[in-house]
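Next come two complexes built around chain A: one with chain B, the other with chain C.
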Partner chain A sequence: MENRPLEYDYTVAKMFMVTTIVLGIVGMSIGVFIAFELAFPGLNTIFGQGIAEYTNFSRLRPLHTDAVAFGFTLSGIFATWYYVGQRVLKVSMAESKFLMLIGKLHFWLYVLGVAAAVVTLFMGYSTSKEYAEFEWPIDIAIVVVWVLWGVSIFGLIGIRREKSLYISVWYYIATFLGVAMLYLFNNMEVPTMLATSAAGETGIGSWLHSVSMYAGTNDALVQWWYGHNAVAFVFTVPIVAMIYYFLPKESGQAIYSYKLSLLSFWGLMFVYLWAGGHHLLYSTVPDWMQTMGSIFSVVLILPSWGSAINMLLTMKGEWQQVAASPLIKFMVLGSTFYMFSTLEGPIQAIKSVNAIAHFTDWIVGHVHDGTLGWVGFMIIAALYHMAPRVFKRELYSKSLMAAQFWIQTLGIVLYFTSMWIAGITQGMMWRAHDEFGNLAYSFMDTVDVLHPYYALRGTGGLLYLIGFFMFAYNIYKTMSARPVEESELQNASPMGA
Partner chain B sequence: MSIDEFSAYGYFFLTLLLVVGLYAYIYHLYKKKKDATGVDYENYSNMALNDDIGDTPVKPVSDEKKK
Partner chain C sequence: MFHWLEKHPFFFAVGVFVVIAFAGLIEIVPNFAQASRPVIGTKPYTTLELAGRQVYIKNSCNACHSQLIRPFKAETDRYGHYSLSGEYAYDRPFLWGSKRTGPDLHRVGNYRTTEWHENHMMDPAAIVQGSIMPAYPWMFTNKADIDTAFAEQLTDQQFFGVPYNKPVPMKDGTTQTVKLAKSVAEAHADALAEAKEVASKMKNQDVKDAVARGEIPEIVALIAYLNSLK
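What follows is the complex of A and B.
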């Protein structure tokens, strides 16, 4: 026992890898189903009128968004933290029984929270705040899970051997602090049981259902400060943490400019928090606040591109690796999609563009080129890199991985191009009017025109889902693939045919 | 001073502060390398590249304790 060399302990990382894949399948399957529901409304009642309440678009939509954001993505973030955290701090979780206990508790409470969220959303319990639909008891559970993750992060940092914190650790800490602040403030809510009606009656509400502590425009402002920064601190910051570790590690190249990574970090931290106002353009929010939201969104291009270009330049002189390794392909295309969606977002946030884009499918397209192309690809790449190292086996199939890459890329392209066309068509039709100011089209006219694009979008989503199943299968088979030596794991991941 | 004037001054000085802060940070990142006890931040990339548990840390915690 005494003489056994110390090793990193990936127990908790492996547990979260499983939930990443399982919740990815759940969230994306629901997404594909509801995409086809929009194209073919008959699907809303395909399982019979009796249970249509549970299968209609509006009941399933929050399940899709929450499962992919707080299920798939958060699990991916936790899995990579429990892997990257140990390695860059050069300390093993096996060295602390306490941290191991916290890590396992973190996982099991998270699973419990997810189960509660899925059941209540299915039953129709919802605060009706986008991406913050969970009712207050679940919110409290989520806070506990989050605090446990914090204990894990700072506990591991506390016993580290490497004095300075690697840039990825900065980004993980920012994720922890950012989400903690956002979540607490946006989920301030009161059970309706405690409310009094206008007529003075009490005790007429419910213990489980709650209303926000803010009202009207204030509620909208807090909600979109939260909503947009959920994109920042769940879909951007931790994913940047991943690419700053996994791309240099897999390619064997040092970050092109470490100083630029530090500068981009502070830029991103400062600018992102002010951009949420762009969700409320042309609403009752003060005009200066809308302008501020637009301007900060445009400024946001700088720190985002700072990181993305830094990653692409990391591959300088090593571009043959992109051709040779499907794993590097995922990361380089992920980084490119990050550049793409962080240019597209600011364009949509410009007031005159937003006048066409707001409430249309272009926004949905924007979200998905970011999440499918950047978040999804990066988490998939991270798990592919981790799998041979945590299972000590080569990746089952390189060709399957390459096929997955191309199928999913095609899926993403179909998704965002169809949504661009659909969105701009919608925006133009809603605005069109004759010389007397009468609207040229009714809402149903737009629905008719959009049908083919909705069908295309569903197909794109389906291709991405098929690719995700290939990913799940590849990882599953990796567990029984050829065992590898420690020396094979230095940089490029070993892959079977 | 009207609220418009106040916000205009506020805007100007805040922008100035941020610009100075940003350039000062860049200056700091480069200057530290040239100091006697200099830190070359580019070496920090090695924290990811040499991250086996037996690898020598770029900047070990134990160094700090010895001082």
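What follows is the complex of A and C.
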């Protein structure tokens, strides 16, 4: 026993891999559908006038964002944690019945929470706050799920054999703490059933409804402190955790610089939280806060590029792997998109640029080159790396993976280029005045002009979705293939001698 | 120090938490005392308006429409005076939005009428050539949730001190008092009285009949809310 390598237990990792793929398909399909609704409004009623209330753009939009952020991405984060955590801490989930139970409970409660969120959002129960639309009972369920994940993280850390925490673990811890803080404060709300009328009636109206603890400008401030940092602690920090593990593992290269990873980690932690103010430029929040938001957004380039450059330099001297392996391609292009996106963001956060960009599709484009190019690619790469190891089977098809890579890359390029043009065009048209100082365009003029870009964006999204289906198929075929019969090989002896 | 932290997860976690919590403390806390004072002329929502606001949220109108006019000439030309912080004092949640797929609505009550909204919500493209906004015919049959709107008013008053039943100053120097009903039945009666006023300017016979029967379709509440945005 002592001399055998540790047998890691991937039960929970496998469960979350399934939800990553299923919820990815759900969220991205809705995304493609609503993208085409903007290009071809007739699609709002394509499933019949009777259920149009549930299939029109406005009802589906929060479902798309929440399904990809809290369905696909969170599942991916959990799946990789239950894989990476054991391996870098040198301890197996099988060693602790308690942690195994917590892990499974974590999974099933998460699934329950997702189901409740989907049903209530379809029905129109919403707090209206972006990426925090869920009403209070679901918020409580989410907190419980999150605490269970925390128990998993710190439980595993508690029984670890490797004393020093690997860089990925830093980022997972930060994800846990950051989201916990943000989510709690942003979702402070009072259920309306607690109020009493003068006649003594209580529990009036819908028990699901609640009122935000904050009003107006304060509410906006807390929401975008949350909203921006949900991007930080769901779309950045845990994804960096993944690349710090999977890129060195897959390429066989050591991390380029430990010091750079230190600088990037603590830099990112300190700077990111300030940047939320850039969502509120020229709004009614105080000027100094807007300026801070702008400045720190630009400073944020440093720690972001620190991580990305650290990753790219990890490939130093081994660039032929990028050509040879589609899996390395996903990760290297992922880091490149991360660099690209973390340069684009600060540019948009500069006040004069933001004056044009805010409220337009350029912002939507920015979000998607980050999420499709960086988050999506990295989770896909992580699952591709994990699949042969957790299912103990060879990956079904490498050429399918390569084809997927190119199709999705084309999709992303179509997506962000069309949204750039759409956003800047609309921003410029909104502010254009004619020679007499009157507005040059009606609002409708600025909508009409977007049609080709909306169609192109939908096409880009569709290509990405097709690639995602190829990914799902590839993983499915890997899972369901005949197992590699290692044990038989070991015991085989020629002629039974 | 960093090597030591990496071997001591508890202190590591504490360190991370302090570093990430710092910005929130500095940025958000000091602003709280200041930003929620209403400007003169801003009054709390009536039951019907609040029910309409809930319809607005239920259908994610805020996904495509902002309620924030930035201080640029192009925006004040298009939408009216730029937005002031105090105008949002009773907005829980805020509805600034982050994307203008359609125009801003912060002062839509100044330049659109009940009749315009009625026709537009039924078929946007028929009113605005080329509009990509979906139609919302179900709002003409779904009933507004007056109970929940009333519960929200009570919560606003009891937990957040929103001045219902108290005179609030208006721009012309007078005061206005927004009434908070004493019971669910009274809230319904008040909302219905307000709904009748809105419905009297509408054309849709089904909506008029429903209001005459004592029911309040979502569209009536929504229009009451949109008309209150000034």
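As a working rule, the second predicted complex is superposed on the first by the 459 of 497 C-alpha atoms of A that agree within 3 Å, B and C clash if a C-alpha of one lies under 4 Å from a C-alpha of the other, contacts with A are read in each partner's own complex, and residues count from 1 in each chain.
Methods note: contacts are C-beta pairs under 8 Å (C-beta built on N, C-alpha and C of every residue); 3 or more make two chains touch, one makes a residue touch a chain.
These numbers were taken from a predicted model, which means no experiment stands behind them.
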Clash-or-fit label for the pair chain B, chain C on chain A: fit
Partner with the higher number of touched chain A residues, chain C or chain B: C
First, second, both or neither for A:439, with chain B first and chain C second: second
First, second, both or neither for A:49, with chain B first and chain C second: second
Partner chain in contact with A:124 - chain B first, chain C second, else both or neither: second
First, second, both or neither for A:5, with chain B first and chain C second: first
Which of chain B and chain C A:173 touches, first, second, both or neither: second
First (chain B), second (chain C), both or neither touched by A:163: both
Which of chain B and chain C A:262 touches, first, second, both or neither: both
Minimum Cα separation, chain C to chain B, after superposition on A (Å): 7
Set intersection of chain A contacts, chain C complex versus chain B complex: 163-164, 262, 266, 270
Chain C to chain A touching residues, read off their complex: 2-3, 6-7, 9, 12-13, 16-17, 19-24, 27-28, 31-32, 34-36, 54, 57-64, 66, 68, 70-75, 77-78, 83-103, 125, 128-138, 145, 147-152, 154-160, 181-184, 186-187
Partner chain C, residues of chain A touching it in the complex: 37-38, 41, 44-45, 49, 52-53, 56-59, 61-62, 124-130, 154, 157, 163-165, 170, 173-174, 177-178, 181, 185, 190, 192-199, 201, 204-206, 209, 211-212, 214-223, 225, 262, 266, 269-270, 272-274, 276-277, 279, 282-286, 289, 292, 296, 355, 358-361, 363-364, 430-433, 438-439, 443-444, 447-448
Of chain A, residues touching chain B in the complex: 5-8, 87-88, 90-92, 160-164, 166-168, 244-245, 248-249, 252, 254-255, 257-259, 262-263, 266-267, 270
Parts of chain B lying in touch with chain A, wherever the complex brings them together: 18, 22, 25-26, 29-30, 41-49, 51, 53-55, 57-64
